[in-house]
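You will see two complexes here that share subunit A, one where it goes with subunit B and one where it goes with subunit C.
And then the complex of A and B:
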C-alpha cells in the first residue's frame, strides 16, 4: 500500500531532490566565489601576493565583516538595519572623545554595550509593538543617535585613540607575538560565535523561523519582539565594535565615519546570497560576500579604475552575482 | 481551444520592446532636463554678465579674458577660478549699507564637525568684539541646516524676517539656494558666502583660491621628487564637488607639465575611506611611489597606510593644515607642505569683506578669492604646538592672524570708507 503511494507521487520527490541540488550548487558557488576572485586578483595584480598586501585585504574585510553581522541577522528576520552607520559613528566619536577626557577603555566599552543594547531595544520594540517596518524605525533611531552624539560632544569630534586599537587594525599588527592583526582575530572569534548561535541555539533557529513566517514562528512559541531585540542589539554591539576599530584605523573620529557601511554591509549580505525576503542564508555566506566585495574593489583599484566607473562596475558585479546564485524562492513558498 | 482570457504578459519579444521603451522613457526626460538646464544657463542674461561654472573643463577664451582683466596682484590666486565659481560684477553695486549697529547672522549648512565649530566660535568672538565698539545689534543669530538645502533656504528666510543686515553663509550647497539669497538681497541684507564656490551670482563670495592652492602644493611635490619615472598618487576628494575638482585641476595641470605619471585614489575627504583606498592601492602596486598629493584630509591616513604596509614613506603633501598632519610630520620627520586652512581664517576673511562693504566700499567683483598662508619646512615650528596629536581635530591658523594682508583687498575694492577692525584671535584658538 505504502509502496504504491510512493510510486504514485514521484514528482514532488524528484522536484525536492533537484531543488536540493540547486541549493547545494548555489551554496558551493557562494563559498567558491572568494577563492575565484582571489585567483583573478592574483593573476591581474600579482603585487597583491605579499604579507602586507594580503593582511591589508583581511583587515579591511574584518571591519566590514564585523559591521555586517547586524545586517545579516536583520535581513534574515526579513528586516533591515539602517542604524548601523549611526551606531558605528556613535562608538567612533564616543571612544575618542571620552578617552581624551580620561575614561578608561573598559569604562567606554561598558557604556557602548549599554547604548548598543538600548539602540537594539529601540529598533526591536518599536518595530514589534507598532508593527512598523524596521526600515523606518532604524532610520529614525539612526537620526536620534547621530543627533544625540553631536549634541553630547557639541560637534567637537576630535579626541584620542588608545594605541593598541591603532595596532589592532594595522596590517603589520600582531597578537601575542603571532603576526596577525588583532582585528582579524576578533573577526574570526565573532564569526565563530555568530555561526554557532545561528546553527546550535534555540534563538538562532528562531531567527530563521521568524524570517520564514511570523505567525508560524509565534505558534511555535517563538517571541518575535524578544528575537528582534536580540538581533538588533547584537547588530548594534558589532557595529560599535566596528566603530571602535575604525577609530584606530583612521586616527581621528567622525560621526559620519560609518556612512560607507550602509551600502557595503547590505552588498556583502546580498552578494553572500542571503535572501532579502528573510528566513534563509546566514553569516557564513556574508563572510564570503565580504571577502568577494573587498577583493573586487581592490581589483578595481589595481586596474586604476576611476571612482565613478568603480561604482558602475560594483553595481554590475552585484547584479551578476545575485543573478547567478541569489534567486532562491522564499522559504514559505518552497513547500 | 483558444483561451477566453487575455494573456497576462506579452511574448518575449513584446516584453523586450516594453523594457526598451521603459528605459527610453526614463532616459529621455533625464536627457531633456540636462539639456534644459544647460539652455537655461546659456539664455539667461546672468550668463552673459558672469562666467559659467565649468568644473573640470579647460580654460575658455572668456575665462582667460576675465582673468587677464583682473589686477596683477590677485591674478595667480584667481587662476582656474572657473572650476569652483563664477566671476562677474558686484551684485551689490546699488546696495546702500544701513547705519550701525548691524544685526549679524550666521547660516551654516552643517555644524557636525570640529572644523565647522571652530568657524562659528571665531564668528561669535568677532561679533562680541564689534559689540564692544557699539556696532552690533543683538547677539549673533545662528542656524544649522544639517546638510538640508531646503531647510537652509527656510532658515535664510527667517533671518531676513528677523532683520539681519549681514548674513554669513558657511559652505552652502553650490546650487539650490539662489532664490533664498535673492530674497535676502531684495530685503537689503548683505549675503557673504564663505569657503566654497557657488553657482549663485546674487551674493558676495569669500574663498581661497582652490586651484592655486592645489597647484602650489603640487609644485612643491614636483620640486621634491625631481625627475622620476615613479608614480605620483593624487588623493582626490569627493568627485563632482567644485572645491575638490578645482584643487585637483591645479595639481593635475602641474604634474602634466612636469611630465610625471599620475595615479588616483578617491578618498572622499573621509580619513577611513582614504586609508582603505591607499592600503588597497599599496597592495596592488608594489612599484616605487614618488610622492602623494593631498586633496584634503589625506596626509595622515596616507602616511599611516605607508607605515602599516611596511613601505618607504615618500614625500606626502598636506592641505588644510590639520593639527594631526603637523603631529604626523613631527613624528615621521618627513618634510611636507600645506596651508593654514582652518575655518577660523575663512570666517575672518569674510568679516573683513563684509565690514569693508558696511563702511561703504564696493567690491569690483562678486567673487573675492585670497591666497592661503603656506606651511613648509621653513616655518613649521611656528605652527606645530606640543598638544597636537594624530587624533587632534583642530587646524593650524595663519601665524600673523590673517590669510591675506588687509592691503590685499585694496585692489579688489573701490571707495574709501574706513572699515571697523577686530582681532580674529586665531592664534588663541585651543589645540584639541
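And then the complex of A and C:
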C-alpha cells in the first residue's frame, strides 16, 4: 500500500508544483505591470507626473474599474456582458434628464437600482432557461435598454448634472477635506467589497464553481440561475454608477456615452489575466488590468495618437494577450 | 516452435499528459501461443491493446513484428501486420446487414453493391464454427442478441488474414457454448502458428486457455509466467502485489454482517424506464448495497433515482427520517433529506478543475460554514483538514490545485465533499473507476468504518469483483428492471454475471417484484 502511494504521487505532484510556481509568477507580473507601465509613462510623457495628471489617470481608472466589475464576474462564470455600455448610457441619460425635471438624486438612484436589477434578471434568466449564450442575450438586452431609454425621453437626452457629480470626477475634488476625488474613493470601496465577496462569501465561491463546471456546481448545491442573476445585476448596478460618474465629465448626456466601455472593460479583464473560459481570475487582477489599460491609453494620447489609432493599438494589445493566455490554458488542459 | 517472437513490445512507455499509463512495458508473444494479459483496471492493459491495435502510438519504446521495428500508426497498419482486435463493446452498425458488418472496411473508398459468394461462404464457415446459425449474417443486427452481435465482431476479425488476434474482454458477452466453441477454434488455429492475446478478468477462462500470461500492475509489467505457474492465486498476487497466502483467504474473509436495524431507504414500484417492469427495493440501514448491470441496463438510473438526480418515470423513492418516510422529490430535496451523491464522471460532473483542493472539498458545505452568506474561514479550514486527514489525501495541502492530484486522490476529495455533509445515505456512482488498488483498499476500509457508524451506502460498480468483495448485497439491473438482489452464498461471480445477462439464478431470494 505504501509503495503504491510512493509510485503514484511524484509525477503529478512535481508538475503541479511547477505549475503553481508559474501561476504565482504570472500573478506577480500582473500586479507589477501597472508600476512598470507607470515608469514608461514617466519617461515618455513627464508632464503626466503632475498631481493633476496622476489624479486624472486615477479618476479615469475609477470609472473604468467600476464599469469592469460586471465584465469580470460575467467572464468568471464563462459568460460575457455586452449590455454594460447600454446600461452606462441609460444611467447617464436618466440622471441628467430626470435631474433637470426636478427628481432628487436619491430618487434617481433608487430608479437606477431597480432598472439595473431588471437588466441583470433579464440577462441571468434568459441565459439560463433557454440555454442561450450570454453574448446573444446581453446584446439583445442592450438593444432593448438603449431603445427604451430613447423612447422614454423622446430622444431628448440633454439635461442637468448635480454639482457634486462634477466635483466627484474632478482631479482637484476632495472628500471630507481629504484631497481625493470622490470617484476614486467610491472605486476603492467598490473594489474592497467586490474582492471580499469573491473570496469570503458563499456566492463568491459559487461564482468560481459555476465558471469552472456547471454540472458539478449544480451537484454541489449552487443555483446557476440565481448566481447569473446576481452577477449580471451587480454588474448592471456598477455600470449604472459608472454612467452617473461619466455625466460629471461632460455635463451633457448621450445613450452612446458607454460605447467605448465594451472594449475597454474586456481589455481590462483580459489584461488582468482572468481566463475567458471562466472559473479563474478575479477582480483584484482586473484592478491591475484597469490601471494598465488607462496608462496605455494615456501614453497613446501623450504621443498624440488619435482615438482611431488608439482603437487599433488596444485591439492589437488584446489579441496578443489572448493568444498568450489562451496557449497557457491549453497546456493546462492537457494534464 | 521458433524462439523469435511474433510480436514484441520493448520498453514501451505511454503518457496521457502527466499521467503515466505504461512505464517500461515488456511483452512478447510467440507464434502459435495463447498469451494472457491480466491486471487490475488502470494497470495499463487497455493501453497495451490500443498500442498493438494501432489506435495510439507509444510515447517511447519499440514495437517489433518478426524481429523488425514497425510503426503501428493506425488500425489499418496494424491489420496489415495481421493484428486484429475484438473489443468488449460490440461494435456493430444497425444500418447494414450482418454480412456487411463482417466485411466493413474491406471495400476501399466506395461500397460495393453486393457481397461476393466467396465472402458469404467464408463468413458462413466461421459463424458455423462458432456454433451460431448463419442467419445472423442476413438478419438486421438490431434483432440480434448481445452474444450474436459479438459473434459478428469475432467473425469480422476471423475472416481476415490474422496472425495475432487480440480479444479484449471479448468473451464477456458470449454464452458458454459459444465461448467454448471459440476456445476450441483458437486452440486449433494455434497449431497454424497463429497467436492470441487474451485479455480477461475471468480466472477460469485464463486457466483453461492460456499458454503463458503477462501481468500488469499500475503501468508496470510485473512479469510473464508459464502455464504451470499461472494459477489464479499466483496471478492475483502478481496483480496487486500482496502475498499469495493473503489471497488464499481473501475471497471468504469479507465480513458480511447484516444489521437488523430496519430499512434506511426504499424504492416503491419504481420503473427505470417508462416501459420497464416496476419493482421494489429496500436498502437496509448500515449496509453497503452494490449495484451492477451492463451499460445501458438501468444501473445508473437506479443510483440516480436514490440520489434524486433524475426521478424515475414511475414509482417513488423514500428515505427514512427519524422513523417517518420522506419522499425524495429532487436533488436538493434529497440532499436536505440526508442523501449525498458522488457522481460517476469525475471530470465532467465532479471536479472544479480551475480551483484548489479546499474549494473542491468544501463547495457543497460552504452554506453550513457561513453566517448570512459570509464564510467562516477558520471553520472551513478545520473541516477541510479533518476530511483530508481522514481520507489520506496526498499532498496534505488545501491550497494545492486539484489538477495536481492523482486520480485516486481527486476521487478522495470528491468523496470528502459529501462525507463533510454527514449524510445518512451515501450514493456512489462507480467511485473507483480508474483508481489504483491502494486507494481502493483504503476506500473499502473507510466504507466499512462509515457503515459501522450507521451510514448506509449504495454503490454502483462496473467491476463484478468489486461488488463481490466490498458489498453486503448486490442488486443487478437488466433491461431497466431489477433482475436479482444477491446476498450471502448467491454472491458469486457467475451469479452476478448471469443476472447481468438476464439469467437470474433461480434460487435467488431476491425482492419480489410487483407485477
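One rule holds in what follows: the second predicted complex is superposed on the first by the 307 of 335 C-alpha atoms of A that agree within 3 Å, B and C clash if a C-alpha of one lies under 4 Å from a C-alpha of the other, contacts with A are read in each partner's own complex, and residues count from 1 in each chain.
The rule is simple: contacts are C-beta pairs under 8 Å (C-beta built on N, C-alpha and C of every residue); 3 or more make two chains touch, one makes a residue touch a chain.
Since this is a predicted model, take the numbers as computed values, not measurements.
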Practice prompt. Could you look at A:213 and tell me whether it touches subunit B, subunit C, both or neither (first, second, both, neither)?
Written response: second
Discussion item. In the overlaid three-chain picture, which partner chain does A:56 touch, first (subunit B) or second (subunit C), both, or neither?
Written reply: first
Practice prompt. Give one of first, second, both or neither to describe whether A:159 is in contact with subunit B, with subunit C, with both, or with none.
Written response: first
Item to complete: Name the contact category of A:136: first (subunit B only), second (subunit C only), both, or neither.
Response: neither
Worksheet item: In the complex of these two chains, what residues of subunit B are touching subunit A?
Response: 111-114, 116-117, 236, 239, 263-266, 270-277, 279-287, 300-301, 304, 308-311, 324, 389-394, 432
Worksheet, complete the sentence: In the complex, subunit A touches subunit C at residues 1, 3-5, 7-9, 11-13, 15-17, 19-20, 23, 200-203, 205-206, 208-209, 211-213, 215-222, 275, 278-280, 332, 334-335
Worksheet, complete the sentence: In their shared complex, subunit B is touched by residues of subunit A numbered 41, 45, 47-48, 50, 52-54, 56-57, 59-60, 96, 100, 146, 150, 154-161, 170-173, 246-247, 249-257, 259-260, 297-299, 301-302, 304, 306-308, 310
Item to complete: Give every residue of subunit C touching subunit A within the complex, in rising order.
Response: 17-20, 218, 241, 309, 331-332, 335, 341, 343, 348-355, 359, 363-364, 366-367, 370, 373-375, 377, 394-395, 400-401, 403-406, 408-409, 417, 436-439, 441-442
